[in-house]
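I have a structure here, written as C-alpha cells, and I will follow up with some questions on it.
In order of appearance the chains are A, B, C, D and E, and numbering begins at 1 in each one.
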C-alpha cells in the first residue's frame, strides 16, 4: 500500500510542477518525475509477495512457474513506458531549447501568445 | 342595360350640376359668414363654362393630358356605383357592379389619376400637394375604416344596399343613432375627405397655388372641377347611405345630402389650418378613439 | 521485514527528493535530484523483483534522461526566476 | 493561492487513484482473487500472464520471461517502442538542425584523467553494452539497456574530447538498417513462419543457452544497435548545437 | 485483401529507410516517401473496397507472432477500421502532396519521417486490437505531432507544440494508467478479450473508475470543452498542413478508439459522459467562434465543435436502449460526419496555407480573383455547415432523425449550434467574398481533390440517405437538378447558358405537365414553372455581366422549388427547401453590395430551416397528410421556417437588403416565386397540422395578427424607402403578409383570397421587379432621387408599371382588387374587427408608396444624366407585356384564376364550398356582398374612352411645352435640380409616425447578435493561453469525470 501511495505521490508532485511552476524546464522535469511515479505504480501492481523475478535461470522454476514468479507483464509494459518516457523527454527538451533560442527565456509568461 | 346606362348618364349630369351648385352655395355661405356678399350660387357653373370655352391649353405629357379624365372618371364612377335611392331601378345606378369595398377603392382612382398628371407637370408644388394629400388620406382613412368596418360587421354585409336595408324601419334605426360613435368618427373623417378647413393643407391655396392641380388650366381645369364636384356629391350620397338610412326617394336624397354638405361648412371657418403632421395625428387620435368605442362595443357584444 | 522498512525509507527519500526537485530554484540541482529519484526507483524495482526494469531505469531514467536534461540546461539557463 | 488550489485538485485526484489502486491489494496474487468474481470461467487461460509464465519457456526457450514478452509475445509493442525512440531522435534532429543560436558557454578542456580514463573505458563500455543485449534473453537487460550503455560510452568521449565527433552518416545508416532488420525479421515471420514477428522461422534451441530462443536475440541485437546509434546521435545532436562564432 | 500488418510494417521499415536514404539523396527520399504513401493508400483502399464490395465478410484478425488473441497482440480490422485507415491515408497523401509542392521543411528527410510516422501512428491506433499497443501508437502519433507542430519553428508554433506536449503527456499518462489498471482488473490487454470479460465481470464502481481514467485521457485527446485550450492553440499556431492532417486523420483515429473503447468497456455512464462533454463542446465552441478574427483559430473552434458533435453521436450510437435501426442510422451519420469533416476541414486548412495573413480581414475579397480558390472554399464551407447536397447535411439529417423523441432537447441543441456555426462561417465567407482581393499562391491541387471527393461523397450520401430513410426522391427532379448544375460549363457564353436554361425549363414544363393537377401541389408547381419561365426569359439582356454560376444556381432554385411543390413527405420537402435556400444564397451573394445581406439571409433562412427541421423531427409521421399532433410547438416550429422565407415580421430583417442588393435578374424570382413557396409551406402547415390541434384557432388568430402587422409595418417602411428595389422589397414582404392573413383566416373565402393573391402578387410584383431590372439597367442606379421623368424614355415600361401599381394598390378594375375584395370579405365574415381595420389601413398606406414609385421614377423632371436612356431591352419588355396582359385579363375575368383555385379548394376537406358563386349581373357573390369584375372593367374602360373622346373633341387646342417650362410665376428655371421633388417625399408624414417606424425589430436582432458575440468574447478569455491553467483545467475536469460518472458508491 505504501508503494502505491508514494508512487501516486510522485505522480502528483510531477503534476504539481506542471500546474504551478512557471518555468518550462521545470515543467518538463515534473513530467519526467510523473513518468517515474507511473512506472513504480505499475511495477508495484504486478508485485506478488514471496515470489521471484521472472527469469527462469534455475531448473526448479521450470515447473509450476506461475506460482513462483511475479507477474512479468507489467514489467514488460514498464520497459516500454520508460523508453517512451525518455523519448518524450527528448522531444520536449528539443522544443524547450528551441523556445529558449527564440525568446531567451524559460518563463511561461513569455509564452502566452496563443490564447482566446 | 341600355336603359340603365341612359339613366345613369342622366343621374351623372344631375350629380355634376348638384355638385357645382353645392359648391356655389358653400361659397355663398362662407361669404355671408364673413360679412361679404360673395359670388352668386351659380358662380361655379360660370367658372366651369368659362374654363371650358378657353381656346388653348398647356400640356406636359400624356399623363397630364389624361389626368382630368381620370379625375372625372374617379368622381363619376364613384357616384355611379353608389345607389342614390335604394331599390329604385333608375336611381340605384350601377350599384350591382360592386359593393362598399369596391367603392372605397374606386374612390382612389380619381385621386391617383390626378396625382399622376400633376406629377408629370414637373412642377414641384404638385407632388408636394399630392404627398400631403396621400398622407392626410392615410390619416383620415383610419376613423372612416373603423366606422365602415363597424357597419359591415353589424349588418353582416359589404353591400351598400344591404347597409341601407338594415337601417329601414324608422329614424332610430339609422346608423347615426344606433352607432353614434362610429358615425362621429366617419363624419370627422369626412372633413378630411373634403379637404375643407382645418384640413386644407393639401390644397393650401395660398402657398402652393392650389396644390396638385397647380399646372392645370382651361379645359383641363373645367373637367377637374366637374369631377371634383361630382366626387363630393358621391361622398355625400355614400355617407347618406351609410349613416342616414339612405333615401326612399329623390327628395329625401337631396335633403339628406344637403344636411351632410352643411356639416363641413359649419366647421370650415371656425378653426385655423392644421399642419399635416397635426392633422394626421389628430385623425389618428380623437376620431379613431371615438370610433373604437363602437368597434369595441361590437367586438364585445358579438 | 527489515527490507520492507528500508524500502519505506527509500520511498520517503524518493518523495522528498522529488519535492526538492520541484521546489528548488536551481534547475541543475533539480535535474540531479530527479535523477536520484530514478536511481532510488531502480532500487525499489529490484525489491519488487523487476531486475530488467531496474536496469533500464538506472540506465535510461537515471542516466540518459539526466544527461540530456543537463545538456539542455547548459544550452539554456540554470536558474529559475 | 494558485498553489493551494493546485494542491487541492491534486489531492482529490490522488484520492481517486489511491482508491483504484487500493482495490488491488499490494503484494497479493490478484489473479486468484479476481477469479472469484467471474461467473463462469470456462477458459483455462483466463489470465494471460499465466500463459506467458507457464508456456514461455516451452514456446520461446528464453529464460528471461520479460524478454520473451517484450520481444516475442508483445514484440509489436517493441517495434512501436523502437519507432518512438527513432521518432524522438528524428524530431530532435529535425528541430535542432537549423538552430544555431544558443547561449555561449565556456568549454573547459577536460582533465588528463578523464581523457585517459574515457579512452580506456570507451571500448570496454561498448563491449559491455553488446554483452548486455546479446544476453538479453538470458539475463536481465537487453537491447535498450545495452544500447544506452553504448550511448553513454559515446557521451563519455564527447565530454572528454573536444573534437570528438561521431560520424553522423554511420549512425544514421546503422540506426536505419537496424530498424529495417527488425521489421524484416517480422516480415520474414510473415512469409516463412506463422505470422508477423513469429518465432518459428529459426530453431528455438535449448533453454538457457546463448544460441537459443529463435529470433529473440537477433531482434534484441538489432534493437541494441538501433538504440545505441540513436541515442548516440541524439546526444551528439544536443551536444553539438551551439552558437557559431 | 492486404494484410494490415503489411501496411504498418512496410511503412515503419520505410521510415527507417528514409532515415538512411536522406543522408544520400533528398530527391530519392522524397520519391520513396511518396511511393510508400501511395502504397499505404492503395492497400488501405483495397481493404476498404473489399469490405464495401462484400469480398471481405468478417473482420480481419491479424495474430502477430502467431499467438491467438489474448496471448499475443493482434490487429483487428473491421469495416469501420478499414474505412478509417483509408481515410487516414487519403488525407495524409493529400497533405503530403500539398506539403511537397509548397516545400517540405528542412531537413526534409526528418520531416518526411515525422510525417510518415504520424499517419502510421494514426493507422496503428485504428487497427490495433490491444490496449497497450494502442498506448504505444498514441505515443508515436503524439511525438510525431509534437515535432510537426513545431516544424514551422516560429514562436507561435513552438508555443503550441509545447502546450500540446504537456497536455498530451498528461493525457497519455491517464491512458497508460487506465490500461494498466484494466490489465490488473481483467488480466488481459486484448480489447475483444476485455470486452468479453467485462460482460461476465461484476461492474464494480472501481471498474467504472478504471474506465473513466482511460476515458479521461481520451477525452483530453478528443479536445472536449473546457480542456481543449491546447488544441485551439495548436490549430492556431501550427503549420496549417500539419493541422490538416492532424484534424483530418489523427484526431479521427482517436475518435474511433473512443467509440470502440466505449463499446468494449461497457461503461454505464458512457452515454451521459458523451452527451455532456460532446454536447457541451459542440454548443460552446460554436458560440465561442463568433467573434474570432484569427482564421486558423476560428477553424479550430469549428473542428472542436464538430468533434463534440461526433462524441455526442457516439454516445447515442452506443446507447443500448435505442432501437437497433436508430443506432444503425447514427452509425451512418457518424461515418458521414467523419468523412465530411475530415475532407472539408483539411481542405480549408490547406487553403489557409495559401493565404499569408492570419487575420480574417486579410481574406477580404480573396474569392473574387481566385475562381478555383472560391470553388474549393465554398465547397468546404458548405460541407462543414451542412448544406445539401454535401455529406454533412445528410449526416445531420440521419443523426437527428435517429435520436429518439425523449432526447428532443439534444436535437434542439444540435440545431442551435448549427445556426451559430452558420453565423460565423458565413461571416467568414462574406468577408472573403467582399470586394476585390489579392491573387493568392496557387497550391490548390490537394484541396481541390478534397472538395471533389466531398461532392462525390455528397451524391453517394444522398442515394444512401434516400435508401435508408425510405424517402423517395423524384429521380426526374434530381436529373433536372444535375443538368441544371451542369449548365455551368456553358459559362463562357451567357446567351448559350440562357438558351440552354430556357430549353431545360421548357422541357421541364413538358415533363411535369401531368403533375400540374388541380390540387395545392399542382397549383404551386404551375406557378413555379410558368412564373419561372417568364422571369428567366427576362434575364437575357443583362446576362453578359452575370457570373458563370448564375444560370445554374437559378435553375437549381427553380427545380428545387419544383421538388418542394411535389414533395409528399416533409423530409423530402426539407431537403429541397435547403437546396433552394442555399442556391438562392449563392444568387443573392452575387450582388455587388449584397455580401452582408446574403450573410443575414443565410442566417435567417438556415435558422428557419432548422426550426422547420425540428418541427419535422417532432412530427409523428413524415408524410404530408393529416397528422394528429397536440400542442402548439410543432406547428410553430414548422411554420417559422416558412415564415422566414415569407419574411413575416419579426423575421423580415433579411428581406430588405437581400431583395435590394441581390442581382436585379434574380430579385423577381426571389419576390415573385420564392416567397410564394413559403406560402405553400404555410398552407400545408395550416392544412395538415394546425387544423387538427385544439389550440388551432388561437394559433391562427396569432398568425393572422402577424400577417396583418407585417403588412402594416412593411408598407409603412416602404413609404420612407429611397431605393427602388428596397421599396419594392418592403412592399413585397407586406403583400405576403396579406397572404398569410388570408391563410390564417382558414375559411374558404380566406383561402381563396390567399391563393388568388399568391398568383396575383407574383404577376404584379414580378412585373415591377422585372421592370425595375430594366430601368436600373438603363439608368444605372436604383436610387430613386436620381431618376425621374422617365415616362418619355420608356413609355411601355411606364404603362406596365402603372397597371401593376394599380393592381398592387387594389384599385379596380385591375387584378389586384379581387384579392383585396376577397380578403376583406373573408375578414368581415370571420368578424376579426381589429385585424380588418389594420388591414384596411395598411392598404391605404400602400397608396403612398405606389405614388412614390410612379412619381420618382417616371414623372417629374427628367434628370440630365438619364437624357439618353432608352426603353428597356426587348426580353424585359416582352416579359412586362406578358404580365401586363395577364393583369388586365385577370382583372376583367378573375374567374380565369378563381376557377382553378376553386378546383384546388374543392380537393381540400372543409374548403369544399369555396364561398363564392357567380351570378350574371352581380358577378362574384359571397355571403356578404358581390362584385362584378367584367362590368367594372367595361365600365371603367368604356367611360374612360368615352370621356377621352369627348374631351379630345371638346377641349381647347393643346400646346405641349418644354420640360422645364412650368407655371413658376413666369420664370423658367434653368436647372432640373430646382424642380424635381424626388427625395424624402413623405418627410411630413414621417414626423407623424416616427414612433411607428423605429427599427425595434432589427435593433433586437442586432442586440441578440452583439450580446451573444460579447458574451462569447468574454467566455473565450477562459482560454488564458497559460499552460499552467490549461493543465489545471485538465486535472479539474478529470476529477469531475471521476466523481460524477463513476456511478454508485
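Quick note on the criterion: a residue touches a chain if its C-beta (ideal position, glycine included) is under 8 Å from a C-beta of that chain, and two chains touch if they have at least 3 such contacts.
All values derive from a computational prediction rather than experimental measurement.
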Chains in simultaneous contact with chain B and chain D: E
Central chain (distance from its CA mean to the mean of all protein CA atoms): E
Pair sharing more residue contacts (C-beta pairs) when A-C is set against C-D: A-C
Identity of the chain that, by mean CA position, is farthest from chain A: B
Centre-to-centre distance between chain E and chain B (centres being mean Cα positions), rounded to whole Å: 53
Between chain A and chain E, centroid-to-centroid distance (C-alpha), Å: 50
CA centroid of chain C to CA centroid of chain E, Å: 59
Interchain centroid distance [CA atoms averaged], chain D/chain E, Å: 54
Contacts with two or more other chains, residues of chain C listed in rising order: 50-53, 56, 60, 64, 68, 72, 75-77
Junction residues of chain E, two or more chains touched: 132, 136, 139, 143, 146-147, 150, 153, 177, 181, 184, 189, 1028, 1032, 1035
Listing of all chain pairs that touch each other, if any do: A-C, A-D, A-E, B-E, C-D, D-E
Touch list for chain D against partner chain E, complex: 2, 5-6, 9-10, 12-13, 16-17, 19-21, 23-24, 30-31, 34, 37-40, 45-49, 51-52, 72-77, 79-81, 83-84, 86-88, 90-91, 93-95, 97-99, 168-169, 172-173, 175-180, 183-184, 186-187, 189-190, 193-200
Sites on chain A touched by chain C in the complex: 2-3, 6, 9-10, 13-14, 16-17, 21-23, 25-26, 28-30, 32-33, 35-37, 39-40, 43-44, 46-47, 51-55, 69-70, 75, 78-79, 82-83, 85-86, 89-90, 93, 96-97, 100, 106-107
Complex contact set, residues of chain D against chain C: 64, 66-67, 102-103, 105, 140-142, 144-145, 148-149, 151-152, 155, 231, 234-235, 238-239, 241-242
For the chain E and chain A complex, residues of the former touching the latter: 132, 136, 139, 142-143, 146-147, 150, 153, 155-156, 158-163, 165-166, 169-170, 173, 176-177, 179-181, 183-184, 189, 229, 232-233, 236-237, 292, 297, 1020-1021, 1023-1028, 1031-1032, 1035
Partner chain D, residues of chain C touching it in the complex: 50-56, 59-60, 63-64, 67-68, 71-72, 74-77
